[in-house]
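You will see subunit A twice below: alongside subunit B first, and alongside subunit C after that.
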Partner chain A sequence: MMEKSLIRPDTISRLAGLAASYSVIIAFLAVVTFFSLSTPTFLTFANLYNVLVNNIVMLAIVALGMTLVVSSGGIDLSVGVAVDMASMVFVMLLAAGFAGPAGVVIGLAAALAVGVLNSILVTRLRISPFLATLGVLFIGQSTQQLSTGGGLPIYMTSGYPAEQFNLIARTSLAGIPTPVVILVLGIAAVYVALHRSVFGRYVLALGIQPGVAWYSGIRVSKHISWVYVACAFLAGITGIILSATVKSYVPLSGNAFLLDAIGATFIGTTLSRERRPSVLGTLLGVVLLAVVKNGLLLIGWNFYWQQVGVGVLVFLVLAVSFGLRRHLN
Partner chain B sequence: MASASASGPKGLAGRGIATFAVRAGAFGAFVAVIVYFILFAPGFTSPFNIFNVVEQSAILGVLAFGMAIVIIGGGSNITEGGIDLSMAANMGLCAAAYASLLQAGYSDLVSVAAVLLVGAVVGAVNALAVVGLGILPLLATLAVMNIAGGAELTLTENTVVPASSPLLAFLMTGRFLDVSVLAWFLILFSGLMAVAIHYTGVGLRLYAVGGHPEAARAAGLGVRRYVSLTYVFAGLCAAIASVLTVSRLSASTPGSNEMLLSILAAALLGTVFSRRFVPTVGGTLLSVLFIGFLSNGFQLLNVSSYWVNGVQGALILLVVAATSFARGQEA
Partner chain C sequence: MKGICKAFGPVKALVDASLEVMPGTIHGLVGQNGAGKSTIIKVLAGIIAPDAGSIEIGGRPVGRLTPASVERLGIHFIHQDRLLVPTATVGEAVFLRHEIGFGAFISRRRMAAAANELLKRYFGIELPAGALIKDLTTAQQKIVQITRALAQKTAVLVLDEPTASLVKTEVDSLFAVLRRLKADGIAIIFISHYMQEIDQLCDVVTVMRNGADVGTVRPAETSIDKIIAMMIARDVGAMFPKRKAAIGAPVLDVSQLGLAGRFEDISFTIRQGEIVGITGLLGSGAKEIVNCLFGLQTADKGTIAVEGRSVHPSGPYDAVAAGLALLPEDRRAHGIALDLSVRENVSLASLGRYSSKGLIKRAEEGRQVDALIRELTIKTPGKDVLVRQLSGGNQQKVSIAKWLSCQSRIYVLDEPTVAVDIAAKVEIYGLLNRLAERGAAILMLSSDLLELTGMCDRVLVVYRGALTGEFSGARLDSDLLLAASSGASRPSEMEAA
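Moving on, here comes the complex of A and B:
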């Protein structure tokens, strides 16, 4: 901006810069304080455990994949399809009498197929990521409706399948629930891949300056392909955990993760001055969304008002961060 | 992929021919599907059926025009370009408001005015977020989508709100020259849009703003004002579409957000028909009608409606893949 402000001491602009960078953390602290004061049940171990297992784990794993894709300059609208494909194949195989591990492996392979399709469309056929994954989303919806007689859920609440589900969703390692262990492994893997490896540097370079990255000899297609495949794989893991938790496959249920995952990833970008996605930022976004939903439920807002509340909060976080930064530049 | 314009001068010579081939190919794909329906779907070509499809397409058409305008004014970059994800939710909110107002005994005039205001306000919030605060359109409109969707649910508690009024009756049963009002509406609206966007200075400047904001600003155009107005216009389109949808269903119904993907598909598919791959009124209208004819033809052929989404998705991919060859490295 060219114009000169009359009053802008250095300290104020520095504070504003901090507020722009840490608006997610400020919002998170404000929200936690508010809910802790409004309801005694919020800040209890039982409730926070419930938020972690039921609201955070599955969304966070999908959002990690979205973070990879957004880092590379793309977007994946088909994460819900990958979630559903893994869930559908896993549950159908168990229903057909397959062993649990075989179901998991083939289910994850189905999710991988979605990722491979995306990467072919984006890198070989050069379709823009938005349109490519939109097309895959449509195709995935039809596939599910056609294979379930129009969208009938498959429930498996007893017998061998239920035991296999419990092995995933109801066990724990060293006192930590298995899904949480899986999440921690996922975070570690994506963190190393994106922030501590050559691969991650290349992916970020692609996201920032694709042309320069190409001229610099980065193998664009190879890296982009891996990003979409990894994203679908992570979404597939969520699909397996989802069907194990609810002991069923409900067609098209994966779509619920799409907008939250995109929201969390982009909320996370407010952490960095250059608006780059990061694992830490995305996780903060996921936790913020989860805590707000849970807290609004506890203070008695119904599902409808929750949606408004989450929307307004996300809007405010973005407004503060983007607005302040624009003001500073 | 976006690997900058790496195709040197040699690409330019072939580009014209390739572009032509792709546009012809896109038309060809559309024509092939339609010809197939004409040959094999009973009753497809009857005037009754054709106008039925046009009538059904009116709602999607109005929405897709709104989206097209936002994409024209904001540019077609994936993450930073113009997009309005809140349109379908906005339509749902407007429909709920319209039906509720009519039920509360307000007149058509008051209700329609109020609904246009609601739509415009939601659009203005988007404009404020995108232009005023500089939030990415994808994100800003995503948050507004949540808010509008939630507001609709709180208003209707997720129920169907029946509505009837003279205006709705007119929209539903009125006819002129044997063509229903909804069909006329789409025809006239498209005509107005085509004139405004392709034959006036406003339209030309809008393309300039979206195509190269810095150049447009240097040339003295009010870029921020133009972009803001595209979001307000999209909001108004959502409000208009909500009146049409209430007339077709005689009620406001939950779940309107499902239209979002069709709106995006129609607006983006429409870009294939333009030489520079930007949305145009004619291209958008063609894709809207094509999507309409596609589900209609499937119905007549007795194919399960579960195929429609998949085929629509596959066609989008096919057509867009073809265009990327014409775009070369720039895609």
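Moving on, here comes the complex of A and C:
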């Protein structure tokens, strides 16, 4: 009887509420603790730096775009295509002797074209975002295969083009690698756009109740279009960083980001009581996914078992958060 | 049902409530929201198990009720929320779980034919063949739902606010059906916020208050005012508060507006401080006129002018920019977003006022929202609470606050008090009067004639796409409105009246 009175029921439900809101953070701490104890290499500066630059930056930029699209009530299955288009155009232009900045600008324009196509399909032809972007995914994949003789990679390991790649991947600002600087700028921009601006409020309203947004005098097509264009643009940035880092263009490599970006965004929604996507939540999702993959690799799991590990973790985070929340209601 | 008690945690929803319904009667059940009407009906439906009390059906006590056992006992429910599958056809919806066919195969054709037969027999209407539920109007969906209950063997029929979205003729045909069913010996429990309907239709009325039945009376012998007084245990005074609005300059000027096949040559003017009603049967064009004002449909003839400036709304964006505000009929789909907070709903149409360079000034937004919550006495735990957690009346106030925040000058209301309880209705009416006193011009589309005569300075009647009458002063009377909107009197006779 004494023990029972120590923990009052409302304390338990408050703890459960905290666990529901912060299941991502709890999972993250648990995962970090586990890997730190299992392998000495995990918690070293070199490894964490490697995770940040090679796993987090590129996925996070794509996931920021996905967060915008999911907030608007849609989904973008073609982010991988936007990544690849930027990457392909960038690498091909450099191979043809163009200067680095020109390659970046035209590469990003190619990614933007993907976003514009998505927004036309969704807002003008009123195709559901899932089907519209799925169609663009198929078209984009074929386009790459047709332009590369059936999917042959383009490598640039030496000579003039290779040096141009270093401009992005191997430089730093005040000791911070350029890709990380780009990520920080991207986070700031998307955070302000989604959580502080009128645009973000409209996007949120469109995602939650499009009818109400329309009846309130919000221009639906305009805002939805911007969301898809912004998402493709961000994916394009990742495409440039990707090819600058690996000094090559490998067809269809952008698809690796698609499921992780969706996963990170939805893991991030557990942070909010209303299940809303948020920049902070998405970033936590990205970091969690990256750390788990890196940790499993270090303790010797192969690629396929890593996927299983990630899947189980995503499931646990979502199940704990949703289950507790339902229990509380 | 005798001595039913039910508590949800500390909240006592039912306290020793009893309800006795005789076969072959129409039994009204009235009370404010939260009085326990829904709870006692859910107990009868087997959805909620009572904490205490007994239930007898046909003289035999019944034990624990489940939704399935209730249906076997022949008790059918028509719930307020339309529980129909949006993508089913009419036939499929009517015979859901009672499909017609051969073994595992169902015959869509035979179900459609049987459904049409029932619709024709009871309501005298035909729905387009193969129509899907989501393509039907709210009223048609309600009719399909009632038909679904009629398609089965029924001993007790429970209708929860069945007329909320029906127009007068549909209500009349529904009442005719209910009277016919009553003559067949079916017991009917009829829940409604419309006192006129209770008065017209019911043989007996049970009034509920604070979870208990406070009295069972015969409407034929008791006045409506008495019944309302029983419901709220105090005198409402006037349901329609008096207004002292000075009528000013014309604000909205509609001239010779026309939309092919819907309405033509519609002209009217609304002035500052004026509340103008507009009414008509389903399909009369009244709804389409309102839609054209707000840019939901685009008129192909005529002009709309706001304060002398001509506007051509091709979407709500243009209408809002011109200073119009719309309270749509389907509040949940178009009026307020249940999963946005009170703050986000209230400021949604007026973010331009609370932002600079595209960034929201949250402090200023919060102050305005707080001020509106106080001004409209919106009952909410706070401005960052989801609107979902508010009651229907308070949700409607949030949707009005949205346009107050926008400083709209012209309010277009589409059935503003549908599914709102009497106390909240009176509050909303008071609010509309205050709006008018502040110089707003209000156009109110409604099929509630009591509301129109009580609230409006003038009422426009639309019949078959034309304005056939304008009633004000002594001629503003529900019988005259009814006659005009159903085409029973010709315009010329009305001028003479």
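Remarks
Here is the rule we go by: the second predicted complex is superposed on the first by the 321 of 329 C-alpha atoms of A that agree within 3 Å, B and C clash if a C-alpha of one lies under 4 Å from a C-alpha of the other, contacts with A are read in each partner's own complex, and residues count from 1 in each chain.
The criterion applied here is as follows: a residue touches a chain if its C-beta (ideal position, glycine included) is under 8 Å from a C-beta of that chain, and two chains touch if they have at least 3 such contacts.
Remember, predicted model here, so these are calculated numbers, not experimental data.
Residue contacts after overlaying the shared chain place A:274 against subunit C, while subunit B stays out of touching range. Look at A:129: by the touch rule set out above, it reaches subunit B but stays clear of subunit C.
When the two complexes are overlaid on their common chain A, residue A:137 makes contact with subunit B while staying clear of subunit C.
When the two complexes are overlaid on their common chain A, residue A:204 makes contact with subunit C while staying clear of subunit B.
Judged by the touch definition given at the top, the superposed model places A:103 against neither subunit B nor subunit C.
Once chain A of one complex is fitted onto chain A of the other, the partner contacts of A:80 are absent, as it touches neither subunit B nor subunit C. Of the two partner chains, subunit B and subunit C are each touched by A:214.
Touched residues of subunit A, counted separately for subunit B and subunit C, are more numerous for B.
In the superposition on chain A, A:186 makes contact with neither subunit B nor subunit C.
Once the two complexes are overlaid on the shared chain, A:251 sits clear of subunit B and of subunit C alike. Shared contact residues on subunit A (touching subunit B in one structure, subunit C in the other): 211-215. The touching residues of subunit C, when paired with subunit A in their complex, are 294, 315-317, 319-321, 326, 328, 330, 333-340, 344-345, 347-349, 351-352, 355, 358-360, 386, 402.
Across the complex, subunit A meets subunit C through its residues 192, 196-199, 201-202, 204-205, 208-209, 211-219, 274. Across the complex, subunit A is touched by residues 1-6, 78-79, 129, 132-136, 138-140, 142-151, 153-154, 157-158, 261, 264-265, 268, 304, 306-314, 316-317, 320-321, 324-325, 327, 331 of subunit B. Remark: subunit A residues 70, 73-75, 121-123, 125-132, 134-139, 141-143, 145-146, 150, 210-215, 220-221, 224, 259, 262-263, 266, 303-312, 314-315, 318-319, 322-323, 325-326 touch subunit B in the complex.
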